[in-house]
Amino acid sequence: MNRIPAIDIYVRYCETDAGGHVSNTSYFLYMEEGRTRFFELLGFGPRTRKGINFIVASTECDFIAQAYASQTLSISTEISHIGNKSFTMVHEIFNLETGALIAIGRAVIVCYNFQEQQSVSIPPNLRNRLEQFLANVSI
Amino acid sequence: MNRIPAIDIYVRYCETDAGGHVSNTSYFLYMEEGRTRFFELLGFGPRTRKGINFIVASTECDFIAQAYASQTLSISTEISHIGNKSFTMVHEIFNLETGALIAIGRAVIVCYNFQEQQSVSIPPNLRNRLEQFLANVSI
Amino acid sequence: MNRIPAIDIYVRYCETDAGGHVSNTSYFLYMEEGRTRFFELLGFGPRTRKGINFIVASTECDFIAQAYASQTLSISTEISHIGNKSFTMVHEIFNLETGALIAIGRAVIVCYNFQEQQSVSIPPNLRNRLEQFLANVSI
Amino acid sequence: MNRIPAIDIYVRYCETDAGGHVSNTSYFLYMEEGRTRFFELLGFGPRTRKGINFIVASTECDFIAQAYASQTLSISTEISHIGNKSFTMVHEIFNLETGALIAIGRAVIVCYNFQEQQSVSIPPNLRNRLEQFLANVSI
């Protein structure tokens, strides 16, 4: 299994809330950044994946510890499942300085044809790349 | 079981993304609005729930259909589970005009003491109110 | 001079920051909502202004007083200037409960042809409507 | 005059809007990140400026060219004016790859005592640092 390098994310003050910590809503911004950069590194960024489009079918996040403004977080991304038309990405978010686990999130991404407004099979060239990053594969 | 009225949410242009539709990240803003207004209607808004604080332990959203700028969405909120220190809220988001289901989301909320940075039991007066809004209770 | 009714805006918790008040960045979300609803009421909403597109050339906001989570704000919008290709909108944001002025913002909007990536003259039918809402016109 | 290094900002997909480009509202997020990092580099970050708090009195942005998802922007920050209780910061945002100027923004920052809810004079140690970064100083 291959891994892409974890990505650093600086916590903006406006991404916190009056609770004094990072808003639960901000973690989904971070996960989207992790996801997009993952695709770019795989060669399927928005400018390079001609003809392939994604839509988010579901996403979730478990909040383990709090994070605060001006901290740097580190987000790692891997693939946990590959289906016929969709695949699941898992993100782990750490405090870069302390190494503490802050949050774990997931997103189910569907290959989607926006003209016809329907899901389509994962193209073979993308499937091949995703499989290289599939986590917990024995051998 | 009681229900609070569904709440209207106007989709801001900035809540869409370059995919032309509402960003997956925006639904978590809408759910937070639904959640907060729910608590206010129960008498546990930020100004009225003295001594009780909440923290989001996890949240998720399934995206059923797309929504677009300038649409009005309708979000309903109910309680699906009450534990010792936490409870689960379920939100359904509809297109107000067509009635189409757009998204279903959930959030696990924990009663939290920020001074001591630890979770605490749901106070009896809050538990009593939550139980009145617990969904799918027979009788 | 005509006026459109002021619009109510509920302050989401995630629109505050760790300063305990509404983030300076959130007022631009509110102004965009005010702007979009203004255009809809004029008959130039995104679905009804076929062939006319807008781009924001500049925007600014003066912060007069602080606002807080779960408050309801009221935003009024009027036109302060109409040029050849652009016009200026002014937004006043009040605390709905107390009437206190919270912020005053402005945005310069340009009519824009996205295919040709260039600004275009304000079409006569839009200009005519904008003039009806131009503030401080004598008579 | 000293300068702090420009800061790279990756454009998240959720920071675009249905116009296909970066939302006008997102530039204020970028400016806040530039501002905060500037203060950190000056030794007045949120953890190091004990007793000094800031509030944004006004902010504005002129949009020169459009930016798009997954681009990297570069934001530079300098001080353009120092008053008694406030100072003005100027941000220039460039496309890192092409060098094209994307936006120019400003923010007026006031030293603020949140307990007493009133503005206070710029402390001498902060004033001294700000003066070192004041733009267009002759000599």
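So that you can tell them apart, the chains are marked A, B, C and D in the order they are listed, and the count of residues begins at 1 in each.
Following the convention adopted for this analysis, a contact is a pair of C-beta atoms (placed from the backbone, for glycine too) under 8 Å apart; a residue touches a chain by one contact, two chains touch by 3 or more.
The structure presented is a predicted model; accordingly, all values stated were derived computationally and were not measured.
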Higher-contact pair (C-beta pairs counted), B-C versus A-B: A-B
Chain whose mean Cα position lies farthest from subunit A: C
Copies subunit D and subunit C - interface residue numbers shared by over half, same or different: same
Distance from subunit C to subunit A - Cα centre to Cα centre, in angstrom: 34
Subunit A-subunit B separation of Cα centroids, rounded to whole Å: 24
Rounded Å distance between subunit B and subunit C, as computed from the means of their C-alpha atoms: 28
Overlap residues in subunit C, where contacts from two or more other chains coincide: 13-14, 19-20, 24-25, 28-29, 32, 69
Contact set on subunit B toward subunit C in their complex: 10, 12-14, 28-29, 32-33, 36-37, 40, 45-47, 69-70
Sites on subunit B touched by subunit A in the complex: 19-20, 24-25, 28-29, 32, 53, 55-63, 107, 114
For the subunit B and subunit D complex, residues of the former touching the latter: 13-14, 16-21, 23-26, 68-69
